[in-house]
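In structure tokens below, several structures.
Two complexes come next, and they have one chain in common, subunit A, joined by subunit B in the first and subunit C in the second.
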Partner chain A sequence: MIGIGGIGNANAADRRDARFGYALSAPALTMLFLVILFPVVSALYTSLHEYTLIAPNYDTFSGFENFMLALGDQEFRHSAWLTAKFVVGVVLLEFVIGFAVALMLNKVERFKPVYYAILLCPLLMNPVIVGLIWRMFLHPNLGIVNYLLSTVGFGPVNWLGDTKIAIWTIILVDIWHQVSFMIVLLLAGLASLPKEPYEAARVDGANSFQCFIHITLPMMRTVIVVTLLIRLIFAVKTYDLIYIMTRGGPGISTDLLSYFIYRTAFVSLNIGEASAMSIILLAAILALTVYLYRYMRAIR
Partner chain B sequence: MAGIDLKNVTKIYGNAVVAVDDVSLEIKDGEFMIFLGPSGCGKSTTLRMIGGLESISKGDLLIDGRRMNDVDPAQRDIAIVFQNYALYPHMTVAGNLGFGLKLRGVDRGEIDRRIRAISEMLDIGPLLERKPAQLSGGQRQRVALGRALVREPKAFLLDEPLSNLDAKLRAAMRTELIKLHQKVGTTIIHVTHDQIEAMTMGQRICIMKDGRIVQVGAPLDVYRNPVNTFVAGFLASPPMNLVPGRLDGQIGLDAVTGLAALPIPEALRPGYASHAEKSVTVGLRPEDFHLLPLAGRSAPVSVTAVAIELLGPEVILVAELGGTGGPEIQARMPRDFLARPGETLTLHYDLTQIHLFDPATGNVLVRPRIA
Partner chain C sequence: MFKKLLLGSVLALGFAGNASAETINILMEGVPDTEFVKQLVPEFTKETGIEVNLEVVNYAEMHTKLVPQLVAPKGSYSAIVVDFYWVGEFVKAGWMQPLDDRIKADNIDTSVYIPALMDLVGQVDGTTYMLPFYNYAMGLTYRTDLLADPQNQADFKAKYGMDLKVPATWDEYLKQVEFFTRDGMHGVVNQGLRPDPIAMEWSNYLFANGGEYHDANWNPTLNNEAGVKAVEQYKTMIDKYGPVGSASFSFDEAFNVMAQGKAYSYITYNFFRTAYDDPSKSAVVGKVEIMPVPGPTPEQGGSLNGAWGWAIPKSSPNPDAAWTFLKWVESKEIAKKRALAGGSPTRTDVFDDPDLNAKYAYYPALKQMLLTSHNFPVFTYTPQLVEVLGRELSLAVAGEKTASDALAAIEAEMAELARKDGKLK
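What follows is the complex of A and B.
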């Protein structure tokens, strides 16, 4: 009897706790639904209709036609491929630079907060401001970058006007802006690593490089995967820099997917097809996220 | 195997904090040495200096006669077992065991052979493919030992490796370590703050306090002949009772209460003669109180019971020496002993086991050693 009574009381307490938990999280969940889930569902619904800004209605159900059109569109495929290259470029370079700087900062004893403050400055800037500043810096005739290059004998470079160079310029500016995000996250991971395995490795005979390969990298795997995942998702969404610096040009050499979807929606006024493209992009990011999440769980 | 020689070794952190102060100690080849002391006494720092994980501020460290102060930890050919084991969390047990050998370029076949041999010896064969997170505390401890053993080093440094185990497993591992030392015969330095580990495992104990060595000797010798009140109070549980007293003119002892008079045996008197009529600290071991007189070598002591602790095999009597208000002492009694709080009892103290200390310095007053 005592046992049964005890269990019953425990369940009642659990239910009370659960109700309290739901009550606490309800406002946040409602907001999340309104700003995330609703737009996603709305985009999905729109993508299945012929919805344009000229005829903004859901009268014509088109099924998967918008998806087929998008996938068959050469410009969409070009933008998707360009975005893939851009994402791999920025994430890999930011990771390599970020990890190297984080490793150095992890060894620093003095003035750490000062380094942190300096590193965080670009990250605190709005991407629009970053774009405007760099557009001025990189101006072919009046920019400081070309001026500095001229002082060491290099001719002027058309950073944003050359179809071969423009995408690399965007990549470099994005790295300047976002690399500190990578540094801060990786540094937090490095700082939280236990020191004992390193001491054991030193006694076992590992040099610094072997410690990095055999101890640091494997123990940092989870942090690295999470950092890469977050940065990757943000890189796929890159829009502001393109809008401010190149508007996708010259030609379509920097026409990343987010900007291309924007053009399809608000220049071509084809909301239905733009929604389909957004859903394809969302599916790709989700697939990647699920894959990395599973990988992360597997290595734990 | 290796002899380890510390010559005036000092460790200073920053500019001011002296963690180890002028320590000199010779550890013989194949010896099982215990570093014992309370937290912060410098025992782990000394061990880490021997292992090469801490730099030596002053003095010399010699291993097999060769100065090792600036030699890399890996080149010292010494293995360390850490307090929290420090296993590589991402590697399997086999990976942990073989990592050091792999780094030293030992060929795959030899690594496998040694891993097999060690895993059989420590009974961790079925665990080889598991990761540390999937092991119990005792299993991790054995893997950490295995990682040290597999390298066949000159010496083992054990930094409180049993402190994270439960009491039963700790007792079992104590025996395992003793057997292991008998089997491999390698020099072992074992750091602990547990005096039972110190008494049962080591061939010699080095007791440290405030970064300095207080006493070095065989466990029983240190137990029977503590050099000062710190050692007397630190070793054994319950520790030696330390009560204020006074040597009277006839070289007898009169406790400050005037109620417990313990005459000093003839054989011990010469050493104490110079302290006649002076205050002393009297050291009385709990196990040297008896219910019945010992023929010709005990004196009656009146005590008032405060409490009794029933431990099963024995009873610890907490009592006030000389009656109510006297200094509190603990006495080890037979398992069937009973006393009510407030009850006055007469116990008999073994007079050959009296220790006297200088109350000002805490140092023992010279007397013939108890063998």
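What follows is the complex of A and C.
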């Protein structure tokens, strides 16, 4: 009896605690609902209607027509495929470079704050400014990059005006801008690793490479997945660099999805179709996030 | 700097709150002509007691800022400036007030405006919605010193059997471009960036070859000899006679190449003319002049027209005060003052003014340019047409589509847009 009564009391206390907890988190949840859920639901609702800026009303319900239009549009499919390639490209390259630099920095003892400060500089800059600076640097005739190349005998490179080179130029600039993000996150992960396994491995005669493969990588897995995931989501949204540097050109060689959606919304004024495209993009990112999250949980 | 701005805005707010006098708000783009209006506004306030608040923003922000205010029953802008791009859309959506009654009541003479500008940013289907504010028609800027050089003249004559002089036709100009591409010089510099730089510049090539965008019934007329020639010439200019990378230049980068003395010619907006004579921006001070883009014959021009107009939105909180301002800012006296400061006029009487002709030797050329210029198709979907042009022309320049294929694609999409707008039956 005492036991049951005790449990009953505990339940009541728990419920009180829970109620108090809900009361405390209610303001935050309301805000979240207003600023995140509401726009998403609103976009979903808009995507099911023929909503344009010329006739901004929800009078015509169009079902999935906007989705069919988007998926049937060759330009949309081209942009989506290009975005997929771009995202894989930047995330992988930034990861490899970022991890290498993080490993090196992890060993550094002196002037660490100085390195940090330098590395963080690009990350602190607005992407629009990054785009403008690089547009100036990469000017084929008046830019400093081609000038430096010419001093060692390379002809002028058509950084942004060649369909084959332009996307790589964007990738390079994106790496310059974003790689520090990878470095900082991975470095934080490395710094928090315990020292003991390494000492034990050394005693057993493992070399640095073996230590990296069998200790560092497995212990870093969670950090790596989270870093990749965040970077991946950001990369899908790349818009500023394209807007400033190429406007999707030359031809359609750098026409990434976010910029395409922007044009559908604010040039074509077709908010309905643009919302449908955003929902498709959101679904793709969500699926990827869920997959990576599950993967992370599974290996724990 | 930031503190000053903050202080300034606080003061401005304070004054706005205290002022019992009427205030009109206008959203404007940060361009030279806006500056000239701003400098004269105190005169207006002194005359009428109406305060004027000019909100100056970047072009890219304007449309997104305007639309919510125009859709609202009572917006915050008393008057607006409208790019010719938006005219079709604004009229279709019914966002602008017709000005005809006001014009009649105040005996305003709109025949003083250059007719092509009145068509572009004045009247739509017989109703006047706007007064033309300033023009940005495109002209051919070229190096006078290179043309005048005796050695160049002798070489040119030997090679082509004709005199080297200010080109009278498009073909003559193309020969000069080829001729001047030597010794590290480029015959031309282009602005091949998507979407508006390339679409606007290429339009001059189309008109210069005698082409037009559509016939009287809005059937697209691009995929023909003139259109194909225009695309192929444009591609040749970028590949052969222009600097590396001009396929991705916006107008500022192209202008810099020209201003650094590395090119013979550049087709650009006429308000750049004054910048060539500014030593802080240009290494070719006094050596560049502007003329209408030459056409297929000496009588025809190939220039593309462009302009902004003043309008009063339906959602204007105080349309009467806004009209008082429009009347003032577009009066001969103020239009002349703006032009004297360096503005790009829209009135013929300003173009013919002796004071202005004494100050700017190129005024007759500018007037000729506007009189012979061609208009871009103005309809609800003008911005989309520019997008389509930008994409397809860029593909053609990159060599991923033939001129004819690109033009066929533009024609198909243009016809669809015109049909959607009810222009094409």
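Quick note on the criterion: the second predicted complex is superposed on the first by the 273 of 300 C-alpha atoms of A that agree within 3 Å, B and C clash if a C-alpha of one lies under 4 Å from a C-alpha of the other, contacts with A are read in each partner's own complex, and residues count from 1 in each chain.
Keep this in mind: a residue touches a chain if its C-beta (ideal position, glycine included) is under 8 Å from a C-beta of that chain, and two chains touch if they have at least 3 such contacts.
These figures come from a predicted structure and were not determined experimentally.
Colleague: Here subunit A is shared; do subunit B and subunit C fit on it together or clash?
Modeller: The answer is fit.
Colleague: Of the two partner chains, subunit B (first) and subunit C (second), which one does A:G249 touch, if any: first, second, both, or neither?
Modeller: The second partner, subunit C, only.
Colleague: I'd like to know which partner A:I213 touches here: subunit B for first, subunit C for second, both or neither.
Modeller: Touch status of A:I213: no partner.
Colleague: In the overlay, answer first, second, both or neither for which of subunit B and subunit C A:F266 touches.
Modeller: After superposing on A, A:F266 lies in contact with subunit C but is clear of subunit B.
Colleague: Quick check for you: in the superposed arrangement, does A:L32 touch first (subunit B), second (subunit C), both or neither?
Modeller: neither
Colleague: With subunit A at the apex, figure out the C-alpha centre angle toward subunit B and subunit C and round it to a multiple of 10 degrees.
Modeller: 150
Colleague: So, does A:E196 touch the first partner subunit B, the second partner subunit C, both, or neither?
Modeller: Only subunit B; A:E196 stays clear of subunit C.
Colleague: Between subunit B (first) and subunit C (second), which does A:D204 come into contact with in this model arrangement: first, second, both, or neither?
Modeller: First partner only.
Colleague: According to the stated criteria, A:I118 is in contact with first (subunit B), second (subunit C), both, or neither; which is it?
Modeller: The answer is neither, since A:I118 touches no partner chain.
Colleague: Of subunit B and subunit C, which one touches more residues of subunit A?
Modeller: When the residues of subunit A touched by each partner are counted, C comes out ahead.
Colleague: Quick check on the superposed pair: does A:V290 touch subunit B, subunit C, both, or neither? Answer first, second, both or neither.
Modeller: So A:V290 meets neither subunit B nor subunit C here.
Colleague: Once you lay one complex on the other using chain A, what is the shortest C-alpha distance from subunit B to subunit C, in Å?
Modeller: So the smallest C-alpha to C-alpha spacing between these two chains is 50 Å.
Colleague: Could you give the residue numbers on subunit A that contact subunit B in one complex and subunit C in the other?
Modeller: none
Colleague: Help me check something: in the complex, which residues belonging to subunit B touch subunit A?
Modeller: Against subunit A, subunit B makes touches at 51-53, 72-74, 78-80, 82, 84-91, 99-100, 103-104, 147, 151.
Colleague: Quick check: in the complex, which residue numbers of subunit A touch subunit C?
Modeller: By the definition above, subunit A touches subunit C via 53-56, 75, 135, 139-142, 156, 158-163, 166, 246-253, 263, 266-269.
Colleague: List the residues on subunit C that touch subunit A in their complex, please.
Modeller: Result: residues 63-64, 67, 71, 89, 92-93, 192-195, 198, 243-249, 253, 256-257, 260, 262, 380-381, 383-384, 387, 390-391, 394-395, 397-400 of subunit C touch subunit A.
Colleague: If you look only at subunit A, which of its residues touch subunit B in the complex?
Modeller: For this pair, the touching residues of subunit A are 194, 196-197, 199-206, 210, 214-215, 218-219, 221, 299.
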